[in-house]
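The two complexes that follow have subunit A in common; it is paired with subunit B in the first and with subunit C in the second.
Let's look at the complex of A and B:
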């Protein structure tokens, strides 16, 4: 496995993130300087590098290690690639002790290993659930990917997406006229399906809700997007999209904090301009983490809350504003917890309550909730050139799903929806992947 | 990916095998691209999809949503996959000379 894993292409164009390519011979020194700076303002990074006891509790809890069987993919070993350098240059204590501890000079090979193995971590945080010290490898991966980006080593896939986001307000780079054309088409589709005039409003000032979808909802996952329009219509909520931003997936989180902040601000500004009462985020795991955990901190105080579609719809369901006919979803359905819902965004029970309301046969998979395995596409590992790696990373999830014998795999996250159909086909699990919105839309009584 | 040679002309491809310069596309380039996607022959059905994609691309600069592609051509997704085994966003867009759709797709 180890020799076959492909490294994603490195971006040629990173100017839009104000990053430069550091010449190869200067990279080790530059990497040390950046790491030194990060240690000053990222206390969590310093803590996680300091407190590991090498107990090994994380090792066989990591789907990346289980799927690739590469020892460097044990979370402890992955972080040790940095910890050895940290021990040599930054850790307190006498140098002979550091040497015993495996402290190591930094060289180009170290940086190559960082690039390789911090792009085989999905930032899923499952290791943190099992670590007695609470070490969250995702935070280390985010930091080291950021460090690498400052050396000029960002993946082509990630850099291209952040450029699209900056230019168009969505990751796919779809210009506004195409978005509006697609939206008009979906309104016609809704009319054809329901016989009703169900609007998909754009830029309505004073609407109650600004809904932020994933741009893939307007390309591949249109059933789920149309379902959202039906749900708001039935609940009697005035809502709108913003032409400034139709993207809830925030790829900046994975490797470039300034981009994450800027993307977050773009949505907050859109909400303020439209004077909405709340922002509702669509189905996207890591994007949700940025909206829930960071919005108020980095761009607050805000005049409105940022909530998830499931919180919004659960409220309407409990108040009796929407009802479901479960017989429309008779198949056995299992639920995949997106990592950033279950381990980073406080969304475990809400989607289950909605599922139990709208499907007849809901079965849990094992492991589940905060113990659930990642789909293998987390942290934006969706590039085609990494397909072989992606299939290996998805293996533990495929086995979890296989055991349920479910016909529908509910995976309410845009990355999971892109990754899981390929994983299930590759590992020969006969299941259809759908969002929770899709299932609510099918069962909604209009 | 290796560049294409069409009628003695070198056509540059990116790492994913998509055209670097969309303006060099013509029917012969499409045929050469089809071979890289294990599509041996471009039938009338293939051309119906390709022509729709190109018309949309020329108007809007991107690929249409998959649902719209299906509706406008009258082919369901299964049929599109039969014609273009790697799917609408990859195989069909590549052969039609579009840029590669990116993001969570």
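Let's look at the complex of A and C:
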């Protein structure tokens, strides 16, 4: 089977998303039907296919092209893979004019190219900042990955994560008893470290805040998670986790809208059941974008605001409820803007204000804020089999970090935290990757 | 032949052109936008967002963020084209007397009209040549170039060259053009001017307009809609009381 050679690997198990594998010979036809449907409900997709002038301004701005030097990774060329098919079957006008536009038949090879190159786009949206028409390639990538999923071509990694999410309420697939065990252990750790009884409450009805962490923080980045418990404790806010969902990442965004909606609904329902006053999202870039930008469309109007941990903590810091001792973080720290914080979710200044409050030496990298490069793991490209690709995608970011000569790279996003240590080691940049919570936790005066 | 080019074709062209772009724009705006796609930092208010889109479409700020050389080519092309379209309108309607409104003599106004037209035309031609050279010599841009990109460039080059040819070597009086165009617009067409430069210029423009609704030239209308998608203001949620 052809699928065995595709990188990333194709999922075998996609039943949980109610998807079926379309037999290979029927795929081109099925792809056209799905594309036709999408063009009817995604204005962005149709516009972006129509208004590109092939000016090429995006090429030098895409970390994927800069890192891999594969011409199909220029955003314009990536979208052209779809645009040629669109021109042939959906664009208006006589066929000889369509031919001038480069219209092309769809075949199995086209679909393979889609699979390959739409899994080399991190959906980071940097192209949208530099494109004069504002074409956001991520929109096209999201649409085409969804189309591929409907053909039965979801990636093994993404499908596995969404299955974990559906079964357990977190991406790691950790069952509830193990989660509760882990939380109890962390409470003991906190006691040992601080000598205080700092709780990590679960399912407390009527709490002020429902905090939704990245599940990876519960096991691999526990310092950051314990820091959150300390911060809430010190700020005097009653908070709780929900046993229904401990995951702020939302992989549905990357390739399957129904999953994204379902996941979003799961959190909003958890918040309603616990009758909290607000939901606070933990460190995760794309998840934040889905909460901030999409919750209202899916579940709105909501009875509570959905805000970010940094907005919450900045408020407490400004009101004087929490204080930091900068001398606990003496190293040179630089800040990596997760794409879906800066470009995607309106979090640019807040993390910087917190950083300046809790570290002694904060340096900006170049480019930064909404111009920042992606870590190369965005849109869930964290699969082991794609390691070579991931290292190439991370190259522009590695060079940005190298120039700062920082010792700590603050990257407050679960995907960035998984991707960047490998990238930095591969490109020989000597830096330690940490979340912002970790740094706040170290400097917090209890 | 000149009846076809001078009398029949202009009506067909303008009808197809208008219907074509209106249908395409309606197609776009009838498709829903399920999610807000704002790219941050974004304006906080609707008027701020409108100003943002306006600044972008006049100043090409996105391109300015990238390579300045390319920004210059693209901006020079568009701004001189806009200048020329406006200039053609006023020049032909007022027969070069449009600047008398500022208190200059009729003669001086004509001189100014010619002066601005010539330099804007030269700027347009320069920008087009630069853009064409860029498209041909840059391997990256060549990789994504289709035949239609060249066809549009060739048409525009032809229009600019024929315009400059008339200006420099074979001038046609504004009055003749005005009589002809007014005739067309009032549905009482008169014979087109027997002037090779003008007919070339006029016919190439018609070809461009014919091709317009089926080509990337639709970006002139689409840019406002596509930029609005990523510029739409997004209200911040109320944080804590």
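The rule we apply is simple: the second predicted complex is superposed on the first by the 440 of 446 C-alpha atoms of A that agree within 3 Å, B and C clash if a C-alpha of one lies under 4 Å from a C-alpha of the other, contacts with A are read in each partner's own complex, and residues count from 1 in each chain.
Here, a contact is a pair of C-beta atoms (placed from the backbone, for glycine too) under 8 Å apart; a residue touches a chain by one contact, two chains touch by 3 or more.
None of the values given here were measured: they were computed from a predicted structure.
Superposition of the two structures on subunit A leaves subunit B and subunit C fitting side by side, clash-free.
Shared-chain residue A:97: touches subunit C; no touch with subunit B.
By the touch criterion stated above, A:219 is placed in contact with subunit B alone, subunit C being left untouched. Using the contact criterion defined above for the overlaid structures, shared-chain residue A:262 touches neither subunit B nor subunit C, since it reaches no partner.
One of subunit B and subunit C touches more residues of subunit A, and that partner is C. Using the contact criterion defined above for the overlaid structures, shared-chain residue A:388 touches neither subunit B nor subunit C, since it reaches no partner.
Look at A:331: by the touch rule set out above, it reaches neither subunit B nor subunit C. For the combined model, the angle formed at the CA centre of subunit A by lines to the CA centres of subunit B and subunit C equals 150 degrees after rounding to the nearest 10. The superposed three-chain arrangement places the nearest Cα atoms of subunit B and subunit C 24 Å from each other. Comparing which residues of subunit A touch subunit B with which touch subunit C, the overlap is empty.
On the subunit C side of its complex with subunit A, the touching residues are 20, 23-24, 27-29, 31-42, 56, 60, 62-63, 65-67, 70, 74, 138, 140-141, 143-149, 151, 211, 213-216, 218-219, 222-223, 225-227, 229-231, 234, 236-240. Of all residues in subunit B, those touching subunit A in their complex are 15-16, 60-68, 71, 89-90, 101-105.
Note for the complex: subunit A touches subunit B at residues 9, 156-157, 160-161, 164, 170-175, 177-178, 181-182, 185-186, 189, 214-216, 218-220, 222, 249, 284, 382, 384-385, 414-415, 417-418. Residues 39-44, 46-48, 50-57, 59-61, 71, 74, 76-77, 80, 91-94, 97-102, 125, 128-136, 139, 278, 292-294, 297, 305-307, 311-312, 315, 342-346, 348, 369-371 of subunit A are the ones touching subunit C in the complex.
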